[in-house]
């Protein structure tokens, strides 16, 4: 196959390929959009914002600590 | 092979198979029973029941907390 | 091949093999030594020794506990 | 350009899909749907369902001998490697303690294997229906569905009737997932309220040494009496020995986690490769699905009836419900026995008591598989 | 003894090394150096570089058909298994949420594939240079470098031009590592300061059901329109379904951790086996390296230009910089878009907005790969 | 029915077991027993022992070419893949720091390889015994037991004398397990109390860069001087580079955990396949077991004697005991050196000092393996 023919083929592939990519991704956009309309909206899980600024080390630790302090306070 | 013959064979397999299953599992029962008699009985590991109801978050945490509180108490 | 010939060959292998092992490992010693001279010396990471003897259960826990106690102390 | 467009069009699914493929893709989707929304054995039905979809895609030949699924099937299932590795992982996960604590309950795990051999007979009887023609090997492979044990069914089917493997695997896992629906009516039909309320005494403590000796003992018995079952039983025992011996935890952890996960993914996809429309959509498949549910039901019934016999003989010390757990389907069947027991008596916890027959059922079906492989294979 | 010494001497590297092998060992060392000291895609360039060194050792034949690298290459890359398993792992890691939140941005991931097809044309044009002779299959395999997606490039190259695989893989991963250097000048050249300062509105929350449906939808579209892309897209979707369905976490965790790590090690070493001097040191390799950078640049430019078009059409709602992320190179390209955005406006966080086009780029290059495989393969 | 019963009976182990198989099953049991109750290299001896049992089961043909063990052997050991992957994992686990801190101690790891070459001579001398006929390749494969390094022994044996692999692997791992029993008497015999009490100065700190450069340097030396050792040394260095470079921790963690665990299970089972009675119960096996202990003892002695020489030359700065660690058997031999040192002086901690010669021994035996493969292979 001579180079001109190959170049024609590759030009053709450029057209077909970009066409296929755009068609398929556009179709996907439409479907995703449609699905998002059909599917009942879901509330994002609200993460309770701890009022305590100390929350970093993990809730369980804090809970344990508060319990310990509470107990200590009572035991006096 | 005609179907009647196959059915005879499958009936025979039913007998042989259930026989083998029962013989082998019964033999296992006997062996397990014998082994359990021979092997010296082992005491189950007794897990010490913590008197403190707070033990959920893990002993180390509690230990740390108690130490901290103890230290604080002393430091006053 | 008769046994004498094999024994000659194995003696020869003994010489060649131990020679190769010593040459290669000696060469490595030289290279390692040279590299250690060329490479700038690196200070070992000094691990800060905590003055607090309580540090076993992990710094974060301690931090949390101290913060909790601090808060409690203030809140009184 | 037109030529290229035509070539591209001729390579689309729209151009190439057959009705059968569309149908099978839908079946794959349904398996996935059931697995996700109903929790039906998701670890296997999601890979199988997805593999089934991939296997029915035209042009791509993913299930062909050079496609990913074909390669996985050839190297892992045709060879028997995957089910054996799964069995090793199952061994590394299984605690035989409850079985060792009360070994007599193993007899329930034996009785439930009646489902297998009855179904073998039923599969042969199906040959009277025109259009269905099961050989003895086919019938044996189908019957093993009654063992309610996935890897055993796949291993036997891959040896005796590879062309039926897809349907057998789907049937086995589907019915295992359906255990909570299939078993309770049978259990209630065959037992009285009083029987179901039977409480059982606490299990004795089983020592470490007994647990270490068990896999070795089991293997020894299998070697002496039924070597054809030793690939399956051997790997089960190997995994269990790794677990119980206590000195190679890094191996047993890998066997029951990463390794079994990897093999599960590959196994599921590879089974999916057998859901290709041209192989799956046959009268045989319908026969297999029918026989599978018969096998499960008969196995359950046989286990419960043996439970009733033990109830009678022990003077009411054994709750017949735990006989249903003898089919295997670990741990689902034991949970079902527990639940039906709780329905009859709120304070009746049968779970640990049902675990013994449950794991005995695994051994029982491996033994049954050994018989089938020895005589039919 | 002299004979033995001679035999030993004749087996040394000093006696056997060719100039080409020395050169390639140095190249392997450079890849490793760049990976370690500059952080250039170390997960792949270290195994590839090391594999390249091993492949160029005389006498040992590690890359030969019976050597470790040769075995890994034959069983994992020639078969297509490794890149597909990597794709499964990538699927199990990828969150398609940002793409689902604003699907219109997928068009940016489509535009960036222009780099692939333009390079295909460029590779063919290179045939005018004497000494270089690329077939259409070669050109397609080279062009896919423009997809900026490692496993896709390896998969396509292993199918269309296995003899070029080493150079293509090295080019693909090297340029992916160089994204922070290649892309910013192009992005700045094509956009105005005002465009770069564009802030984007927060993404909507995407529900679990949408995330579960997406991989199935994507696979369905691929089945209907482009089955030749389904091995790649199928495994991506499978991994993603494992992740999103929420009922098989142990499988998705294994797919995205241990399994992908194992395959990455093997894949890297196996690619290294294609760096053997006699196969790698050819004029074609230089051509491939040149074409690769062209592909990346054109892809980036095309993405940015499409971004400018969207900026115009949406009345300034879309920052054109995120178009550059459409080439894939996940997540590097998205981070680059974010960084260039921050340079223009300190409060402009584009990362999540760029993730949509970024993962769309993965899909886009898989689609492009499908077209190439369908027409050229 | 009688026919069926006869067929079933003819398939039992009771009918088929040979005396040799019973004996080998017992051997497998003993290996497992020693591994569990005495802690003898359990990670390998449990899989090897269990594999040995499985390999001697009649009828099932688990070690045959289509059985699980046969498949594992063919794909993992015959190919050399498993020992090389183990070596990669070993590399990812090994800290060469102590060796780099005091490189001169490597000479101890060189001296201990005398065990290998002396045993080679001994194996050939055994040919004077009627009934034993070792070729040079056989003798070399047996001699490598003296390297006290499992994967090296398996790799060399699989290349030079696959029919002896079972006995060689069992001997290598058994004697490695017996190091705490074999070595101390030899060490005490050859050293004076004063020598054993020698304290050594603390090791210097070794920087990160030196640690990264070492595997590359080692590989380079092997490439130049002994390419036939590069499969082993290369994978060791690759694993170590993954560990030390610090940018691919997910790969090095997988290499030294899940991957090495999986390969260890498979390798052990596959070696077990070579314990089949008809292949294992030969006069050669007894010869191998004898030669193996000779190899270990001579290697230990050579290391200690070189230690004494260094003690003399350095004016008492080197404790000769650490010479025994030069045989490899990482980290057991280093621990033994430490223990014998503690016995002589309660405050004498030699562990880190012995680690240098210990890992040098691994390199030394890989070098020795390279020589054998280059000249005999």
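Letters A, B, C, D, E and F mark the chains as written, and numbering starts fresh at 1 in each.
In this section, a contact is a pair of C-beta atoms (placed from the backbone, for glycine too) under 8 Å apart; a residue touches a chain by one contact, two chains touch by 3 or more.
If you're wondering where the values come from, they're calculated on a predicted model, not measured in any experiment.
Counting only chains that touch, the fewest steps needed to get from subunit A to subunit E is 1.
Taking each chain's centre as the mean of its C-alpha atoms, the one that lies farthest from the centre of subunit F is A.
When every chain is reduced to the mean of its CA atoms, the largest separation from subunit C belongs to D.
Centroids built from CA atoms put subunit C at 41 Å from subunit A. For the pair subunit B and subunit F, the distance between C-alpha centroids works out to 36 Å. Computed from the mean C-alpha positions, the centre of subunit B lies at a distance of 49 Å from the centre of subunit E. Residue positions 13, 16, 20, 61, 65, 69 of subunit B each touch two or more of the other chains. Touching of two or more other chains is recorded for residues 4, 8, 225-226, 258, 371, 375 of subunit F.
Note for the complex: subunit B touches subunit D at residues 1, 3, 6-7, 9-11, 13-14, 16-18, 20-29, 31-33, 35-36, 39-44.
On subunit B, the positions that touch subunit F within their shared complex are 12-13, 15-16, 20. Residue ranges on subunit D touching subunit E, taken from their complex, read 4, 7-8, 11-14, 16-17, 25, 29, 32, 35-36, 39, 42-43, 46-47, 50, 53-54, 57-60, 62, 66-68, 71, 257-258, 261-262, 264-265, 269. Residues 79-81, 84, 88, 212, 216, 219, 223-228, 230-231, 234-235, 238, 241-242, 245-248, 250-251, 253-255, 258-259, 371, 374-375 of subunit F touch subunit E in their complex.
By the touch rule above, subunit D contacts subunit A in their complex via residues 1, 4-5, 8.
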